[in-house]
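Let me give you the structure first, and then I'll get to my questions.
Naming follows writing order (A, B and C), and every chain is counted from residue 1.
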Amino acid sequence: MGVLSSPLAGSLVVAVGWLVVAVLGLVPTNNAFFARRIAFPLGALAGVALAAFGLQAVWLPTQALTLPLGLPDLPFHLRIDPLAGFFLMLLGSVSAGISVYSAGYFREEPSGRLALISLQYHVFLASMAFVLLADDAYLFMVAWETMALSSYFLVITDHRQPAIRSAGFLYLLIAHLGAIAILLCFGVLHGGRGDYTFDALRAAQLQPAWASVAFLLAFFGFGAKAGMLPLHAWLPEAHPAAPSPVSALMSGIMLKTAIYGMVRVIFDLIGNVRWEWGMLVLAVGAATTLFGVLYALMQHDLKRLLAYHSVENIGIILLGLGMSMVFIGFGHPAAGVLALIAALYHTLNHAVFKGLLFLGAGSILHSTGLRNLNDMGGLIRGMPRTAFYFLIGALAISALPPLNGFVSEWLTFQAALQATVIQHGVVRSLLPLFAATLALAGALTAMCFVKVYGIAFLGQPRESAHPSPLPHAGDAGAMERYGMAWLAAGCFVLGLFPTSFLLILNRVGVSLTGQGLSEQALAGSGWLWLVPTAAGQASYSPVIFLVVIAAATLLAFLLVRRFYHGRVRFAAPWDCGYPEQTSRMQDTADAFGQPIRHVFGPIYRMDRRLPGPEDTEPRYSLKVEDRHWYWLYLPVARAAEFVSSKIALLQQGRISIYLLYSFITLIALLVFVR
Amino acid sequence: MNSAPGIAFQILQSVFVVLAAPLLTGWVNQCRAWLQNRSAPSILLPYYTLAKLFHKDAVFAHDASPIFRWTPYILFGCMWLAAGIVPVLATGLPFAPAADIIALVGVFALARMFSALAAMDIGTAFGGLGARREMLIGFLAEPAMLMTLFTAAFISGSTQLTSIVDTLAHREFALYPSLAFAAVAFLMVLLAENARIPIDNPTTHLELTMVHEALILEYSARHLALIEWAIAIKLFAYMTIGIALFAPWGIADAGDWSALPYAFAALAGKLALAGAGLALIETVLAKLRLFLAPEFLSTAFLLAVLGMLTHFLVKG
Amino acid sequence: MGIPLLAQLVNVLAAFLLLIAFAMLSQRRVLTLIKLLAWQGAALAASTAIVAWSTGQTHLYYSALLTVLLKVILIPWVLHRLIDRLFVRWDIETLINIPTTMLIGIGLVIFAFALATPISQMATTLTRSTLGIALASVLLSFLMMIVRQKAVPQVIGFLAMENGLFFAATSATYGMPLVVELGVALDVLVGTFIFGIFFFHIRERFDSLDIRHLEKLKED
């Protein structure tokens, strides 16, 4: 029973358990059956256990442990505190749903391939757990790189397609750029003294300039993994390439480990947060948010669209983190903790609803073979259950009450409204502007999901240019549905009972900043009421909200039924009486985005072909490209190519010249160490 | 907070709003007819229309999904909820703390999302067109509305509409320059959100220009009646939000029965004026081209933001 | 609250001034622009009169009266005549689209507020907090002159800029000496006439009031 009482030991057991499941999957001969029936369900159970341990850790004092593993004199340090506990809870609970789903999703994979997927999948989960548990820079980097590599192999599951291979390469490249920045950041924090445990890094007193350097390295290093502008380019490439449960795992959880790293390094290890850092985070966050949603509106590939929404949501989380840093930097920790809570709550919420949406996209892909929205239509009739779960996810991501996305945006707004406590005039008036960005992004997200849902699930099936490779095979399988139902239930629980999570996150805030929410806030909060500052200032009760709206809707229904008849006739659609109607007359995904393209024209790089008047086969084509490719990535790539072509001059092919290089190096070293 | 008179007030207000909303629509239509030199229809015409629609047989397209069937009820429920949040007759209602201004904007967004989805459900050309245009208007109107409300929230230090009204109505009289911006922005949002003239024309069924009518083209009978009723409640709710923010004087406290008649009279007067004003605006303005609508609304959004900035500079 | 009602009224009028500056920035029609200019003058006159009343500075009454005569009646009338004669009632083209212009405008307002806050803390007048607004309207009018392509809106922008400066003077220091104000008023009036004459010449030369044609005048 020792394991159950210690969340650290328990989490370690779960992480090791995942590794064991991963390796065991390779052993049996009929390993497809094993993976489906045993490995993935076991992984899901382990996830639930991990969530429980994480929850327990939030309420217990910090625990630490040194493992007798690793390099000589460099053992692995583990530690669990409320922050790690919260993220372990996120990892465990969300991955449980995705693992159950995977058991159904991979049902048609051949044996050998499935064993490999199961291996990489569970190694991926375990490495994320170790990232969260690590208490020294060494173990952290080992786990971080394992995470990057295992997810890379998962992305290129279908490695026979060149597009997928190049997407995987881009992902690996940016992941490593980020990893180098993180490594340098640890180096700066270390400063040549002591060892690499987080305790030593925390104790180091940095010059302000070096602290800022460490902040910048951590921000961009972790930002590259999180998909922050302008290092987001891998996200919309890698997510469509990966199998859907893997996309869900990467978008839902892996991006969040980057947020974890950011919070851990900036708030905990560097400490002494400065408000100027917060302003940078806010500016990048606002740009990321708007960019993500505006590009999402232009997509017609469902998974790519969802990937751009991940970019947007990372931006929203950054807005919360930035506000928190500004408040703390100005010496208002109570408001800072509120903003931090908002950011972390959105982290959890995004994991849940984005996981759900990716799983929904996976089910569509699985039963119809379609990924392009312009080929879909009317799926609600063939797959009503998937449609139901997807609707919940769509409402949640659009920040509509009473679901979970709304709660975290509400908290972010409340944090922005605390701006009056700041004395600095410009900063005080800028904070509400960032709230305005958030409001704009929220409304645009709603538009985008009307587009997704309306075009994929509603309307008539479209006569597609690429007919579906599979017949409409019906709804998602049972395991897939259980996985989605788990996450959909999460959307409701997080949306309806936010106060319990507020208290959990308050513990996290206390452990990071030494301060929590105000007394009034904690006194005013019960399970029914969410009160972030004081009862007179703001309150929200999702349960009452839901009850009233459901009651009003039902009352309307019952009254109409009671006093009038329920007669219904069925007919052809009216459509202003136009006689000819085909499914081609419906809006396509591109058409739905057209007003946005018109309003925000300069943001996009468009390549549009309109048919001329004499075209016998009129075709309209539109390609929207990311401007970042042209002003950032391609120039950098060209520069890198140029530099490497110069370096390639060293390669002469003659042995004696190579020996000369070695000789010069030797002489130089001898001079240097003299 | 949850005293019996408070609950009685809450129920009274909710029922009152639902029943009185079509009257306001009728009044606006009557005023507009007078201003345009037409002989005016009866002020009760919206009620007759609703009664007529409720008695008819509903017609559905062959493969309408549950979303299509349930949307009218959800819309009606959303608007009813909104009417419960806004302090129409009294402040301090027991339901008010459950949802603040951000949730209020959320309710309208929920209604908008469902109506757009329902429009796309049948898969007609006009449905998609209406949904697209409605969301185009919504994505700018919603943040503008939120920023307007934030300006008021900054003044009163609270995001609860009832506390805002309390602050503005009962505190020592003061002029707030920031509210001037907010008022203009709010008016623009009100016109756009309620499908009024510079953005949309509530009386048109001309295919190429309509926005809101295109959304509800496929509805008939009781479903159409519920939607029309919900639209009337929405207009009523928006007008009372405007009154609550910019002219809150005379509102009663929850449970204070003696102040109720005065509050009622004040509300009726203010609504009559506001309705006439709306009719006047709709008469003198022309409808904008659809692609000027984003410009109109982004102006509203930026004005609301400007109001917030002004608040920080001019502490009035 | 602590601020007397009259000062609050000045604040509201200041906000009104800023509102009009933004309205001008977003307006596409010349006629409406002229109307807005007249309204701006009226707000200016009202605020000057209020300041005069609350501080007892009689010369401000004269400058309020002058403002009404000149900026509410005379200059708008002259501009009306001008556009009738020149026949330029049509919509204005802008260099950048209007929402972007307004976004830049918001940035300018924040900049102006940031700049004015320390200055207005030094000032002692009742209406010192309006200094930021005055500065903001000057900058916004300047922006309007930059982004408009036709000559008439540019002149309107120039006049609006003068309004902002005038307002800054009243709010920060209770106005300039009357002689200076008279001089400035006369300058503005004369400026308007000279602009009018220039318009005719420009149009005679290029058949258009599009200022892009002026680029051709430069020597190669």
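Following the convention adopted for this analysis, a residue touches a chain if its C-beta (ideal position, glycine included) is under 8 Å from a C-beta of that chain, and two chains touch if they have at least 3 such contacts.
Note that the structure is predicted; figures quoted are calculated from it, not measured.
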Taking each chain's centre as the mean of its C-alpha atoms, give the chain farthest from chain C.
-> A
State the pair with the higher C-beta contact count; candidates are B-C and A-C.
-> B-C
Most centrally placed chain - per-chain CA mean versus overall CA mean = A
Distance in whole angstrom between the CA centres of chain B and chain C is 36
Express in whole angstrom the distance between the two chain centres, defined as the mean CA positions of chain A and chain C.
-> 49
By the touch definition above, chain C meets two or more other chains at residues 99, 106, 110, 113, 117
Of all the residues in chain A, which ones touch at least 2 other chains?
-> 425, 429, 433, 599
Got the chain B residues that touch at least 2 other chains?
-> 294, 305, 309, 312-313
Residue ranges of chain A in contact with chain C within the complex = 425-426, 429-430, 433, 599
Could you pull out which chain B residues touch chain C in their complex?
-> 172-178, 180-181, 184, 294-295, 298-299, 302-303, 305-306, 309-310, 312-316
Which residues of chain A touch chain B in the complex?
-> 377-378, 380-381, 391, 395, 398-401, 406, 409-410, 413-414, 417, 420, 425, 428-429, 432-433, 435-436, 439-440, 442-444, 446-447, 449-451, 453-455, 458-460, 529, 535-541, 544-545, 548-554, 556-557, 560, 563-565, 567-576, 578, 581, 583, 585-587, 591-592, 594-596, 598-599
Where on chain C does chain B make contact in their complex?
-> 1, 3, 5, 8-9, 11-12, 14-16, 18-19, 22, 26, 97-99, 102-103, 105-106, 109-110, 113, 116-117, 129-130, 132-133
Chain C residues within the chain A interface of the complex | 99, 106, 110, 113-114, 117
